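Shared between the two complexes below is chain A, which pairs with chain B and chain C, respectively.
Presenting the complex of A and B:
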């Protein structure tokens, strides 16, 4: 289904959520659908109100609105209808009344079936209808606009064909937060020079002569940028998590993981062999409770004390637009002597006055986070990831991480792209340019969020998060929203079950410093128009207070 | 469902009760009392230990976690070597280490595509058009025309219906295995498979049955055992998927898998195949299609062929190819495909161009084979060194024939060999492993890699140097030369 960084919920999490979630309290007549830690009753927060108070909370406002009761019921009915029709059609296909256009495995008599039937049922009967909303090929750089290659289907989405035409649309789908996806002037020449000097690949791991001087330069630059003692870089963001976590914890350790953590963190956690406990998204009470229990009770059965406890969180959650409550997590971590693994895939570059991520946003000391992880895919317009922390940690990873030994090192041109963009953000080259982009992104984020709030859409997340989820709920409307927006020149991303809970299907906008006010206005108009058409202005809550504050003029 | 007889009614019940003998009634009454007693008696529940908040505070204060990372000394051999042999410039046919050009016999660039000007030109063109990063996963506008082109090219070249691209070699096999093999399924894996495939097996949570490296008899034994198991529980066996996990050329040993024998077992025992071809793609076979072409096995009979583009294609990424039915499933279930940003377009273009060059000049494959054979012939008679690997393999492992009991000692010897070789102008490297993580840790070795670009003279010269270095190190004649790569005893 719709996928991307941050859009995962493991099936186990899904199950627990379903079992806890079904009989949710109906006392206020609302179906409490969302899972963002701020539900009625649990935290004493009222519906849709944002939180104020305390020091760091002064500027911390997150907004979640519950799924309206009737919408939740209609959405469930929609899915039920689709499943029912799917079964009827499968029945017809089985008896050859309807032609079966799906692929089947040939020449495999006597073999047990390769795929689980439910998975193929879902792809065949549900995902297929909206297939054209994902994997849309593009043929240009993913800048503020891009060229989407038009596709048509003559057989109800079983097969998609390219028409050869392209559509120039505004890009609100790529993770191009600081607009570095296209910048020939700024670093194109450097990258070209490096390509000519080093070639594209390395064909060797770091420990087997694949360690280039340019990698050394990047490692120390990343450490400088984040304000940590040292850093190590990996050619793929996903692999940074899945290949380095096993070097940090092992059997006899406990991982406390936020329920909305990304697939790479879940896979990495699994590969460690440590016990994994999941706490409710951003629910600090739940986290503290689980931490306390873990320290007091020790390992299950043996009751030996845990070797280490690792809290794994993300900076910005890419499907919710929410921020980790880092100051609280840091104080909990200190109190219980746990270690903190912070994944800043979506926040490094995009958050904080200096672009150093959520740590910078909250004004915390980077030394308080034991393992700072992030990716270069998003804000830096490159590819790969890093882990930063103490010298001791990085020394250990250099010697013992899977990525240092078993896989090839980072492609030199990609390395140079990161060096160039990071130097720009730090103000070492083109002073002011990095700062300007960060401020532009922040302004864009608030302007766009404000616009959507005022138009009556339900959107989630922190007011400063450049990831803006807009709730659509119904499966048929997801596809229509995506198609209608594309038709009007707005490329956006939609996600439904199983990437989100069943009743929380959504569209997602990713803002970028390369968008200007004109584009944002145009995009808001398009969303408004499509929103009217689909009747998805569900919000019944007053707009959050911060939107009434005057927004400074755009820093363009 | 039991059917209540039509004659059964309240009257009969009362009649039955009245006619029953007294002892029966008493017995039933006793039973009822017993049930009532059980019902009201306290169930056995050991008292749960409840800690007071104060006690908890103490426990929290007392607990001392282990340090996050063990203290690796600054002079850890792997770190030292890494820093010492940091390369300046391209890792091509020659590498520049500390200002000295060495013939490269260490990195896996079999066809010499690093430093190829045509590839660089194409990559730069792509850079100017697309920028560097793709800024999104394949599902969310991260699919570019160049990715589709490369997938088409790969599928066509491999003669399969479809191919799927991953943005990193390691995650390709590590994602492909768990996409199909789930908890309860069985993986028959060779003990020599690489680390990425091992991690794939772990991530799948399937049962892994290891067979001895390239030992078909052992494999058949395991299959027979499984057959007996299956007969006991045919219902379960019907839904249990079975897979072989094998490599074309084993990176850890340099030998080729006996594919025809495996195909026979596959048909006989109904097992599907994961074939990892990272070392054999672009190496084996007349056109470089890998081990299937080498043995003349139809690729249609191998369900999944997985290879990395990081070796012979000198790019970054990996791919998996097979039928549409199989590959399409990964587009929604391959973790490393769905949840990761796609390959940078310029990297995909570089791989595409490398493919084109290989397809247009199959001579380079012949040259590679000749070079491999030449190296094998030249290297085989060093006293105290055992050469592992097929003569067709560009990966050759040089092990000590009398390994010491202490692994670190052997590693030290090999590092000394590396050091001296580099100082004399031949870049080589010991194969690196994580000693505690491998399923079966291979013996320490120097891993030579052969490139098609090397001329005969270069091979002969570097072989002479390697042989001389081995002899001098093994004979203990190391006094004064242990210093390192910067010592001024270069011969070239």
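Presenting the complex of A and C:
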């Protein structure tokens, strides 16, 4: 519908379409070696199907079921009604018939009002009704279960008050993919030791006196982990994108950005001053079209060639659960001599047989990606981000990036947490543990997705992505879904209009290696019950084929 | 027996109302807003029902007449039908 994504699409169909125009050559030795071993290990079904096309397509299945028409109409109707009521209430407030409790400034003669916009209307009249579903305070570590503080409102959600009680609920909302967010036994002691030795703050930027030996150790460990030449770490993931991109491209360059890129990438792109062209989400034809245009036509007006062309993509898209079609992007980038910036915030640790992200998942060579970015806030249960790539790139960033010059360097306990978890994933300390967690996450993902598919929910994304968006559509259903799930002991995240297109409001589950089968079953039961209550089992497509393949037993 | 039936009916009604309120988004609105919207819906629906009951039979008869006229089938029942229509419209 409005998304233009078409029918439930599996990648294989798309691919055959794509290959009509130009020959594909994803086959390089390195990649094949990797993929074969891995694929056979997973489900043993890649037996010489499309021999020449590269095998990754066989295991690449993504689902985006179209919004049913009647649901779309009812959703628009619901929003329209809420907007109408909002206008009526605003009218009453404007004439003082009703007390205005929102933050608006008093009428100042001659000044244009500061807070009159669609956003403030939306917050005041629509978001407020469901305000309790967001910004929920938590009072424990975000492990597999956590404590949510209970809130009540006595004035229709204008103000929320704490009751002082806490609810213990299952955590299906935090990005704790590998379950390292609570790991007293695994890294707690190291972190404690480092805190005692270095303290918590470094009180200086990296260029001055904030560069500790453990930062150095972390940089080289990250490079080792990802298989690149060098890496630099930054104390904040958002700043990694927004502060380092301006050091890489500038005016006269072109940025080709996926339409669903994260806010940090968008902000970073804007700060560069380069021209930004947006291509449709994961649409390789559109990307190629825009690349070809850029190469042929050059800059607008002058028609000089672009200084640089940078393709900016994410590994796993956090709202769609889809994977970047990296092999195709890499071949396009090589064909048109563009650079590739890959944000692996949600995929590093969570994807691939070794936890090295989507590059590992597709079995590509890390050197094919020019700039690898990722964060430690998700799988590593810490804080901060990294950029990895060639030595020259990292040297350039050390000298030029705002985040290295102007901001304080990473806190030592955080640094140690990342070192410990990364060593664990790499199997340096505790050889079995990292592997077990990666396998557990993969199993959990498949199991949970399969369960939701079989129960008739519309869910989006790649079958291996640990981010599972469940489409709910209607604004009242999002609020009720969140409340009802919390009441039954399941904490999850819901997202509505400004974060998603207006008719694609959704709940999002993030799976974790710290969930076990029992918890997944319980969560599925709760979702089933709430889904029954709210009637959100919209799916009319057949259950995807992969769900009928037997899942090997849980690796617990 | 009657009690069971009654409970069943009440359940069904509650269920239906819940769905109606979820779909129109009034489930998450303030009670006053809910009250106003429900009143509006009730007024509109009752007007529609009233109109249907009062004007529909006449209209249908008239349409039938028209159809009969167009297809050229004549019978002496025509005039009787006409009178029937008029009376239905007036009442």
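Everything below uses one rule, namely that the second predicted complex is superposed on the first by the 492 of 556 C-alpha atoms of A that agree within 3 Å, B and C clash if a C-alpha of one lies under 4 Å from a C-alpha of the other, contacts with A are read in each partner's own complex, and residues count from 1 in each chain.
We adopt the following convention: contacts are C-beta pairs under 8 Å (C-beta built on N, C-alpha and C of every residue); 3 or more make two chains touch, one makes a residue touch a chain.
Note that the coordinates shown come from a computational prediction; the quantities given were computed from them, not determined experimentally.
By the touch criterion defined above, A:239 reaches chain B but does not reach chain C. Shared-chain residue A:477: touches chain C; no touch with chain B. Touch criterion met: A:78 reaches chain C, while chain B stays clear of it. Here chain B and chain C are compared by how many residues of chain A each touches, and B touches more.
In the superposition on chain A, no contact is made by A:59 with either chain B or chain C. Chain A uses no single residue to touch chain B in one structure and chain C in the other. Interface residues of chain A facing chain C in the complex, by the touch rule stated above, are 74, 77-79, 81-82, 85, 89, 129-130, 156, 474-477, 479-480, 534-535.
Residues 1-5, 7-8, 103-106, 110-116, 119, 123, 127, 134-143, 146, 148-149, 171, 173-176, 180-184, 188, 191-192, 195-213, 216, 235-239, 242-243, 246, 248, 262-264, 267, 270-271, 292, 295-296, 305-309, 335-339, 370-371, 375-378, 380-383, 390, 392-393, 395-400, 402-403, 405-408, 411-414, 417, 491, 493 of chain A are the ones touching chain B in the complex. Taken together, the chain B residues at the contact with chain A in this complex read 51, 55-56, 59-60, 63-72, 74, 76, 78-79, 81-83, 85-92, 95, 97, 104, 106-109, 113-116, 119-120, 123-124, 127-145, 147-148, 167-171, 174, 180, 182, 194-196, 199, 202-203, 237-242, 270, 272, 303, 310-311, 313-316, 323-326, 328-329, 331-333, 335-336, 338-341, 343-344, 346-347, 350, 427, 429, 431-434, 437, 447.
Considering their complex, residues 19, 21-30, 33, 37 of chain C touch chain A.
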